[in-house]
Amino acid sequence: MNGIPLSYFLVLSAILFGLGVLGFIFKRNIITIFMCIELMLNAVNLAFIAFSRALGQFDGLVFVFFVIVVAAAEAAVGLAIVLLISRNRRSLNIENVDEMKS
Amino acid sequence: MPVLDHIWILLLFPLAGSAITGLFGKRWSHSLVNTFTIGSVALAFLATLELTREFFSVPASYFPVVRTFLPWISAGQFRVNFSFQFDQLTLLMLLIVTGVGLLIHIYSTGYMGHDDGYYRFFSYMNLFMFFMMTLVTAGNLALLFVGWEGVGLCSYLLIGFFFTKKSAADAGKKAFIVTRIGDMGFTIGLLLVFWTFKSLDYSVIFGRAAGMPVELPGHVGVLTAIGLLLFAGAVGKSAQLPLYVWLPDAMEGPTPVSALIHAATMVTAGVYMVARMNFLYAHAPVALFTVAVIGALTAFYAATIALVQTDIKKVLAYSTISQLGYMFLGCGVGAFSAGVFHLMTHAFFKGLLFLAAGSVIHAMGGEQDMRNMGGLRKKIPWTYATMFAATLAIAGIPFFSGFFSKDTILAAAAIGPHPHRILWTLGLAGALLTSFYMFRLLFLTFHGQPRYDEQTVHVHESPSSMIGPLVILAIFSVGGGWWALPKLFGGRDYFSDFLSPVFSASQRLMAATQGAGVAEEVGTNFATDLLRVFWQPAVAAALLGLLIAWWFYIARPDTPRRLADAMRGPYKLLLHKYYVDEIYGAVIVSPLLWISRNVLWHTVDERVLDGMVNGTGSAARAAGGQLRRLQSGNARSYATWVVIGAVAVLTLFIWTMVRQ
Amino acid sequence: MEFVSHHAILVVSVVKIAVLLFIVLTALAYLTWFERKVVAHIQSRLGPVFTGPHGLLQPLADGLKFMFKEDVTPPGADRFVYVLAPLLSFSLAITALALIPFGPGTISILGQQTPLAIAHVSLGLLFLFAITSIGVYGVALAGWSSNSKYPLLGGLRSSAQMISYEVSLTLSVVGVLLMAGSFDFDSIIQSQSGRWLGFIPRWNLIPQIVGFLCYFTAALAETNRAPFDLPEAESELVAGFHTEYSSFKFAMFFMAEYANMITVSCLATVLFLGGWLSPLSSSWHWAWYLPSLLLILGGLATIVDGIWKMRGLARVILPFMGVVLIAVGLLCTRPGVIGVVQGPFWFLLKVFFLLFFYVWARGTLPRLRYDQLMDFGWKLLLPVALANLVITSLVVLLVNR
Amino acid sequence: MTLPILLFFVFAGIAVGGALSLIFAREPIHSALALILVMVALAVLYLLMGAGFISAVQIIVYAGAIMVLFVFVIMLLNAGVENRTQHSIMARWLGIPLAVFLIGDLAYWMARGAHALPLAERSGSLAAGPVSTQDLSLHLFQSYLFPFEITSILILIAVLGAVVLARREP
């Protein structure tokens, strides 16, 4: 049906993942950082599906389900935390949230 | 056959009763609690009656019936199912348990009436019924063990029922721990059984055991080991030497508990187990002989202690121990049916004795010391009459139930090979003492002059809910033994006939292997022996004991004191129960305490373990002191660190891949 | 022609899209007219009457008005998002319709056999939900981007509402899925063919009545229609998320809402009302002439109405329309056509009924309060849908045994 | 250059572009939109791979629910343009080279590893034909039933956690 090589998808997923990492390092806004995490998860999903399709197995697809579920849960809790942070210290800049330093 | 095909229904009733009452009963009125708990037991009893009907509706050859309902454990080779075995022995035990249990439940409604732990008490009692019935109906040793431990648990709970009383709580713990010692042997025995027979089902065990040689003295082997180990459990559970110490303390529990658990049913579990495994023991004469020896020794030993006890329940406790000894003696000399017979009659009269004693205590307003009683005959006639009947029964006065069972045992011992005759003499002496201390109890309590302050203590007869069971039990303890009555006149012993299908195989085996005609004769039917035994010292002993007691406590009430003064040493020895508790305390408990305190606690725990833990902690702190510099608190730096780690891992990965 | 024969599939799709767009857009326009009329009569008013006979030209007038109004962009608005939002809503609303099959089998266009739907997707239902689930953004973004309080609140509200009700919407449909055992619209419809007791059509409406009610209620909320039209509750937040929008952007939102209504009704028809299946027994041949009959009667009525009641231009227009209708009706009796027409006829009829229910609900029911809305959605609708789902699955399991 | 490959490049391009704009946009909401774009593009790619069901789920759950949450929070907190503070020296100097390096060797090794795999087709391209939803559900509800149940519990906990966290103490 389609003659797309597996490696294309893998490279794409690698690039997306790397971009996610980049954003994770360089964004300051907590919400955006969250989004970068989601981006990484998506990249991983892509790799999962590509592999499972290439190997003709279903496990990869099932993992994608679980990844999505976990992402949903993580988003719910994480955004609640973000709400708290912004409520407590009127800022979403992650660099203002550094009370954890020794 | 509705019930027989679903025996588990039988167990369901008390379990449900216990669960429901225990969970929701806190706020309930007493009557509601009664409805559930006694109702459940009554249902169980009715079911057992139905079971009996079904039992007799089919030929005896139909039994034993084994019903497997659910797989329970299935680990590789180790398979255990929820399987139940039903045969004559099971039926008998079920009747005893449910019947006596029901009576004692009813009794308890009167006795515990004023206690605010009412629902708790009955929930525990029902739980006990459940486990006891599991024990007797179990079709394999594992399930039996469940019941075994379950009744132990209930015994613990009920002994410590008044847990606010320290002595009660301690007694509970003691009972639990001491029985544990025996159960450890039992557990090892189970493992050994599985290792030997690759199964725990009775049927399989006996089937495979049949193919194994009988381990006569000199060729002792695994079967003997199994027999001894299992018996160790029985020793703990049935309070035999040397693990009997928990039973007297167990009297801290409410009297109905003492009657049900520590007289009628639970303590006889050991006997039941030995009787159930009779075929195994038939293959291990050495183990069987050990059983007999322990039994005879206990029978005599406990009786001696009972002589001088002044607490009414303590006397009964020691008497229970000694009677259990008789049962083991019976089994040990190969007269399993006689042992079980005595188990049954004992359930009747000892249950009755305890209940009556409870009634006395109730009447005296909690007084348990016989020295402060006396002359209660008039005040509580019903209690007196029933207790009198029970005393006659236990003392082995002719035509009362105890007479048949106990004298069958003695006869079996008497006509056995030589070593058995020594045991017989022990048993005989025990019989004498039994009759003495029982009548002593009776006379001290009910005859003579009141030794209590009649102003403060208002003696009153107990409510009918307590008297009813007493009467019924009295009837049974008088007539419970008449199964064997025809034998006196050359007839048959219908009891051993009834049980013979269970024991015949081992009887034949023993007859074949140990030559002595004992087994065969006792097990099956011997018209002459009991006649021969009849005039024999057993009865004489009983009557003699009665006379001495009468002389001591009615005719010459001052004799005992003079006697005690005359032989102060033995007296103190007996009074302090041979100082066994003290000895155990010195030899076992305190060393254990010392080890656990000094070695385990101060050395291992404090030095080694805490040392390790603290060392780790301080090391971590030192390291942290250095690493804290990394912790800028800036999430982006952390992110960078993470990425560095990921890159490092990847490069390592690549490096290894390149190397290949 | 060379190109056509090569890329026939593309051409055909384009043609179909064009046709559908035309139909849908006119339908949208006249749906507004229809609604105004019905609501008016419910409130015993006349509704639009001046522009054209029976106000038939009203939609046209409205359209022109929207075109030529000034297009205001509030200061400080995020221009990109501000423009994006209405486009998103409208395009998604229209796109959803591409998945709906309007009739059975295939027809041939330019010698190409092609189904009576723009796209025949085996996971149709899923993708429909996918598309509608994106629709939330239109509202939310519109609310956010117009940099103003009321729209923001309205946007928050409506997106919250849409998300909440989307859950029950999806759940209420799952029952049907279980019974059909497929996501494919055609097989879902086919699974409803046949009759109970020989005459009751085997539609999911009857076994899934609970599901249908849940679906319809959720759909009302999902499309922000009365009685769930809080986001545009005039009394509280002016006009909700599109307060700041004017002219054509506003028109887009407007049309999007109506397009959503149509989509949802089509979906309901497919899932619960047996899609293009005729409720009448196929053995009655006269039933085949029902469409043409209806058209012809309508045409006659229009002619009569035009000639007797109207004056001026209407005297010409209405009879002309009547003639057209009659012509179409006659066309529908032609052997080649009559077979094709049946499916769409029944389908559209059912959709029309559902739309009428929509309007009816708006005309009669009072608006809920916001907390009531949320309670209703989460505490009543969701549990009921769940229960329905559970029971259905059990029944299906037992039946398939 | 068959049609699928063309489509692949188109949507891969869209995805990468979306990711880039996610990083470089300063308005959080723009980042969110970019991310949604990426997700939709990915969904199309899944479709290309024949995983129709997952692509639908991707859109419904990811784009339709999770991202809505994000947009929601952004709207609620009215998050403005982020100010590019530079407190972390390390992130500043090490960030880009690290990320580039990561992308590089990830891509290289995944692509390289792909050839080592026992693929359904020797050509090293994907299995033809769409995934049958039925088989997928069979796998999900039979061999992966336990994890499935566990995730349901996970979600429950997450919901409780979110509620507890976000509730405003009176």
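By letter and in written order, the chains are A, B, C and D; residue numbering begins at 1 in each of them.
One rule holds in what follows: a contact is a pair of C-beta atoms (placed from the backbone, for glycine too) under 8 Å apart; a residue touches a chain by one contact, two chains touch by 3 or more.
Being a predicted model, the structure only gives us computed values, none of them experimental.
Participant: When I count C-beta pairs in contact, which pair ends up with more: A-B or C-D?
Facilitator: Higher C-beta contact count between the two pairs: C-D.
Participant: Taking each chain's centre as the mean of its CA atoms, how far is chain A from chain B in angstrom?
Facilitator: The separation of the two C-alpha centroids amounts to 65 Å.
Participant: Once you find the CA centre of chain C and the CA centre of chain D, what distance in Å lies between them?
Facilitator: So the centre of chain C lies 32 Å away from the centre of chain D.
Participant: Based only on mean CA positions, could you tell me how far chain A sits from chain D in angstrom?
Facilitator: Taking the average C-alpha coordinate of chain A and of chain D, the gap between them is 6 Å.
Participant: Using the average of all C-alpha atoms in each chain as its centre, how far is it in Å between chain A and chain C?
Facilitator: So the centre of chain A lies 37 Å away from the centre of chain C.
Participant: Can you list the residues of chain D that touch 2 or more other chains?
Facilitator: 57, 65, 74, 76, 87-88, 91, 95, 98-99, 102, 106
Participant: Note the residues in chain B that touch 2 or more other chains, in rising order.
Facilitator: In chain B, residues 632, 634, 636, 639-640, 643, 646 touch at least two other chains, as defined above.
Participant: Give the residues of chain A touching no fewer than two other chains, as numbers and ranges.
Facilitator: Within chain A, residues 21, 25-26, 28, 95, 98 contact more than one other chain.
Participant: Which chain pairs here would you call touching?
Facilitator: Pairs of chains that touch one another: A-B, A-D, B-D, C-D.
Participant: Considering only the defined contacts, which chain D positions touch chain B in the complex?
Facilitator: Checking each residue of chain D against chain B gives 87-88, 90-91, 94-95, 98-99, 101-102, 105-106, 109.
Participant: For the complex, give me every residue of chain B touching chain D.
Facilitator: Where chain B meets chain D, its residues are 632, 634, 636-637, 639-641, 643-644, 646-647, 650-651, 653-654, 657.
Participant: For chain C, which residues are in contact with chain D within the complex?
Facilitator: 78, 80-81, 84, 121-123, 126-127, 129-130, 133-134, 136-137, 140-141, 143-145, 152, 155-156, 159-160, 163, 166, 183
Participant: Under the touch definition given earlier, write down the residues of chain D that touch chain A in their complex.
Facilitator: Those residues of chain D that touch chain A are 2, 4-5, 8, 12, 15-16, 19-20, 22-23, 28, 31-32, 35, 38-39, 42, 45-46, 48-51, 54, 57-58, 61-62, 65-67, 69-70, 73-74, 76-77, 79, 82-85, 87-88, 91, 95-96, 98-100, 102-103, 106-107, 110-111, 113-115, 117-120, 123-129, 131, 135-136, 139-140, 143-144, 147, 151, 154-155, 157-159, 161-163, 165-166, 168.
Participant: Could you list, by residue number, the parts of chain B that touch chain A in their complex?
Facilitator: Touch residues, chain B against chain A: 628, 631-636, 639-640, 643, 646.
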